[in-house]
């Protein structure tokens, strides 16, 4: 039963999505995720080298006002299931309807689209929750001239470090533009992929441990789960390297040359992550192979026990059977030591078989 | 027997095709599908922002007349087995004979060809019928200046939503040109791929459930069926992403820049679908692997039962056999408690074997 | 033994080739096939829209004469084992020695080479003979200004339809140039690939049928044969799509723009064939997988029967053995109902085992 | 337990890395390796054709001084866990903070970045330690106008030969620039890959030997270890060929045309190494296949012994059982030679079975 | 033991190479092969259309003299283990030290490097020796203006045909330049690949034959050997097609346009060889699969025999056991025909089991 649930999580139920969406025009804003209910909460960090303000704006006008200020504004919108609210925000910020559709489409594959005044991107944040389960959270980031809009599904995210650096003035983030903030968020997302991969690595190592000692069918299931998890993660992570690489090549003035140097670093990390995923993939395949070979070993052992027991005692039983026959004329039965000779024969046979199996290395 | 049929469906019988076609000149119009008989039914939707007319024209002249009107005309031809009719239509609309050949060739792989006055495209509509079986329906779409010709095999299709949007004036479809209608149809086709994939996903999940509990040979067959279904679907879906991408890059004036923004969205979806198919492919391979490993498990279990039973009782039977021998001189037989000692020995052996197997973790 | 032969056919014996050729200069004309003996037979179709003549020329001069006539000449040379004759023809038509070498080299992979005055191409015709075996026939086609030279190994070929269309004036062939004839021949070759693939498809479906019901070792052999046949066919078919695509892109004046439209159609077909081959490949792999899994099933069944029989009767035999012992003091033996109690015990054990196996789902 | 450790080594523990790094700004210098503690030791070789000086500088000023001298300086910094020191050095040499981050990031994949005044590169040195274990040592090399900075983790390295050639004036190294030194170091790294691969090759050959004679589960584990080792090595070696190739194509004046000729040689070696790795990969897969097939063989043998023993003695025991029955009326029992006839029957059966198994080739 | 050796041959022992080379400067000339000892023997063929001279020069001066003559000189140096000699020759002919290094490096992958005055190439000659073993012989060819230098390891080679053609004036070789000689040598190398592949093909066919009838573990080993042989051959042959293709595209005046036509032919052959290798690869994988499936078959058969014997006789033995019990009160024992009824029961059981197994198709 609990497995049922696990599977459920791995494969996004698209049913709802397409039942909701079928027949609607493209550009219709329909939230696709399972984290429904609750209002969107908006939090704004406004900063430059000198100033730092944090706002929780009361209404949309208060939000949009931040678009115009000269400081860098990080407008963080948590909760995207309220489609009406998202649409309003989107219109006020001049976002394309297709962009709005993607903001709430939690199945959207990672992408970066350049529009005239802004760069729109979608990623999947991967992180471990307190129960050490992998959480997949959809996040959309819009980079504008002096502000960054972040749309995320839940309160939890991977941006704590970035917030801290802004507040504590550590690093160079306070001295740079919106594009550096955009990079810092992207970098935080990519860095968390490493944490998740490390978690996966530990899981695989533990399975490796167990598969040698005790290859139960449950282990096989867990190996298959790992394989699926790798497939799933790969889906969200794989396109990132391509996207970052395109960002580096873009001539869009929103991305300064200074920031591109840092993006190259993020590209490096994406490549590294993809290589690791590839290795985990092959390792999980090897695990399954190992499992099968250990199963064969166990079977071999079982068969050997059977064969040894049967090969030793069946002939002995036959001999006993022979002298259990009731023929009138069985001279051996009437000799004084016949019984002892038969025991001798049986013991000799027993020893002979033992030696035979020893030689065959079965004992 | 019913499997026979299923297989039949998966692999299009090309026999008829080539018996029909062999030796004929290229450009010969020969219907290749299995939905023969019945006349073609034509239905025309004519609209602009203000007007909406629906016609069921009486003859070909009435159809062709719609080519010239300034409104957008969606000319929907249902039933393509009447080759003579298709040829007449084609000639009147100025279509190339090779195009006509492809319109009725239900084995034609998806393609988009640009001609001087029109863009010709072939796709496969995939949808679920009321028995939840996947239907593969050939559809050819011709985009002209102010009209869209659709040739489809059956009355059922995936365009209901588009019709509704036109009739209810919802969305932007009524305010745009024929190219947007073309996109809307393509988008409807692609969106239905998601529905079919979701159906496949459910099937795979159900098989996953069952393969653990009860790996019967029937399950293996079903897994193979899924693998074939994925192969087949892939064949029709895989080329789509390439085609859409070429449409986006074309400089053909029939496709406006506005519509290309939407096509980029369709491209995104095609990519997503291809990734999903890839994942389903790997999942069905894992399923087969899981099936094999569970089969091995079952075998192991069977062997253990046999080995335990045989290893315990064969030696005991041997002991009983020994004291069933008829030698005159067998002193043990004549002791008062010999029988009880033998029982004690046999019980000790029994317990010893049980402990041994317990330690080996076989019990 | 008959398998021997089948294998022999699949893998061309290159021995002869290289024993013949080793140390000879490149450009040496050596027939590589196994259809030796017999003279070459030449047949010429000369036509334009109005005229149609069929000649069987007496000597080489009569053949070469047709090169100059304004009509389209299809010069069909059947039988290429007479190297001297081929060389003479070649010289008279001005063909490069390397071209002549390829004309008779039945192992030559498909290719298209453009020379100054002609385009030279090699293909493999695949068709079914009357015993429904796949025949591989080497064919070389030379396209010249107003004539097409065809060199083929045997009388049988796939060009019947083309001949008929020329003779019956059906289609556009009589109104077009030599390049259209060239295309028509290529198209006939490609169309026959479909027939052969369909044959393969039927074979695979039949094997699928059988592999479920009766997975004998012979089936495994046949599956492997199919896999090899697919490999072999792939070798000859795979390069075709590349070649056709190059023909479409060439700027050689021998290929008119009109004909290129038709070549695009042939390209489509080549792509389709390659996709089918890929699918057949995966299907034959699945077949083998299925075979192995069915074998495991059978084994499981065998083991279950053994385990059930042994597990039930070995303990019962032990009980019988106990009461067959000859101890003087065995009180049970002398009770009035001991025998019946033992039967009761044995029947109870029997029923217990049956219930146990039923619960395990082994019965 | 010891296996635990081996696994631990294969999969770098990234935990520490990301716990250390999370939330810090990019460009933060954090040592990622496990070779902590100890100060960095700096060793400088300063040479031109005539002069050769070796320095162990006392402080950073003494190091930086060498940047300006006209001679070629090889500044070798051993031990990179002291982040403060690395940062100071980096700043004095004008290195980008991201470069400094990579210098101490032992998980950094091989890379070459060109900056304005220097070329920065990261590689993994692979060599065998005295216990014949493969050591993975991170090394960063910075090529400047007339000096080469090398940052390495440990005292051990693969550069002994280069040092010797400089000191003994052998070869052309003393007559050339810093770029040739850079090449020589790279070449030494690549040459050592061959040594490691050879070691791997020996291991695989030994396993091949053993897998035929004695396919124990431990062998299967070792095969899997080899597969992982190949995966891991591949990760560090695979990117090198791409990097060298880029160096050859660069127009950076730091790399002279003369040195590029030598780099082409290094490229050749990288290609060869990649091919070898590919072959080892396939060989280790074959090993596992071989292991599985040998396991099957052993199982077959076990089963044959069981089947032969059981098939011969079970029927004989049955016959003995029949004549052990206690019916009053069993005429055979009372004949004079019944007992001998039964023996004859049993011997005949025994011989019959032996012949049968002989014919089946099981004996 | 003999297998040991075979393995040893397959995987070149690089130990010696790197022990010899470690720490030496690039460009150091170190012979890497195992055919040490013996002096180099030089043989010179000097020819043009009219003249043909064969020389065995006494010293290096005599060799170098041939560089300047207007005739085409084929300078064939057999035996490359004498590094001093090679170095002298190289210097006199103006060859780059890196070229000299490659001439004696028998592990060098096939390559073609263009230098200012000459084209340097390395290939592997593959041919069968008199024991029908595949010989791998390193050969380096230097194409100069009017001479071709060939460095080969042994007296045996694949150039006999070329020598003969030169001497007998057959073909066009005597009328053409050094580049045609270069092509002729390359062509001879490639042609011999066919002979080796054919040999491989025969081996695979023979194994196919045997694997059906008698799948012993030795067969599995041989299959693995074939797989390795294919891997190894592939390594040397695979790069050739790329090299030839580059030669065709080069603008180097050393290769005339006329010769390029012939090189296109050689390219064709290289492609064909690569395709064949791919097919052999897949065939050897299929062989292993077939082996495993036949092993399963054998196991199945063994299990069936065991199951049939045990299932028939264990119940019968039980019945006999029952009537061997010694209860005082067993009424059946004292009936007149009890014994015969029991026989009837046992025979009925026997027949019943036979019918059951017949129905299951196990007999």
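So that you can tell them apart, the chains are marked A, B, C, D and E in the order they are listed, and the count of residues begins at 1 in each.
Following the convention adopted for this analysis, a contact is a pair of C-beta atoms (placed from the backbone, for glycine too) under 8 Å apart; a residue touches a chain by one contact, two chains touch by 3 or more.
Composition by chain, UniProt nomenclature: A, B, C, D, E = Magnesium transport protein CorA.
Model, not experiment: these values are computed from the prediction.
J.: Which chains are shared contacts of subunit C and subunit E?
T.: none
J.: Using direct touches as single steps, what is the fewest number of steps from subunit A over to subunit C?
T.: Steps on the shortest route: 2.
J.: Rounded to a multiple of 5, how large is the rotation, in degrees, that superposes the C-alpha trace of subunit B on subunit C?
T.: Going from subunit B to subunit C via C-alpha fit gives 70 degrees.
J.: Between copies subunit A and subunit B, are the contact residues mostly the same numbers or mostly different, with half as the line?
T.: Mostly different residues form this interface, as fewer than half of the numbers used are common to both chains.
J.: What's the distance between the Cα centroids of subunit B and subunit E, rounded to whole Å?
T.: Taking the average C-alpha coordinate of subunit B and of subunit E, the gap between them is 43 Å.
J.: For subunit A and subunit D, what's the span in angstrom between their mean Cα positions?
T.: Each chain reduced to its C-alpha mean, subunit A and subunit D end up 27 Å apart.
J.: What are the residue numbers in subunit B that touch two or more other chains?
T.: 292, 296, 299, 303, 306, 310, 314, 317, 321, 324-326, 330
J.: What pattern do the touching chains form: line, ring, star, complete or other?
T.: ring
J.: If you go round the ring from subunit D to subunit E and onward, which chains do you meet, in order?
T.: One full turn from subunit D through subunit E gives D, E, C, B, A.
J.: Give the list of subunit C residues in touch with subunit E in this complex.
T.: 3-4, 7-8, 11, 13-15, 17-18, 21-28, 96, 98, 101, 107-109, 111, 113, 214, 217, 220-221, 224, 227-228, 231-232, 235, 288, 291-292, 295-296, 298-299, 302-303, 305-306, 309-310, 313-314, 316-317, 320-321, 323-326, 330, 332-339, 342, 346
J.: Within their complex, state which residues of subunit A touch subunit D.
T.: Going by the criterion above, the answer is residues 160-162, 164-165, 170-173, 183-184, 187-188, 191, 194-195, 197-198, 201, 205, 208-209, 212, 261-262, 264-266, 268, 271-272, 275, 279, 282-283, 286, 289-290, 292-294, 296-297, 299-300, 303-304, 306-307, 310-311, 314-315, 317-318, 321-322, 324-330, 361-362.
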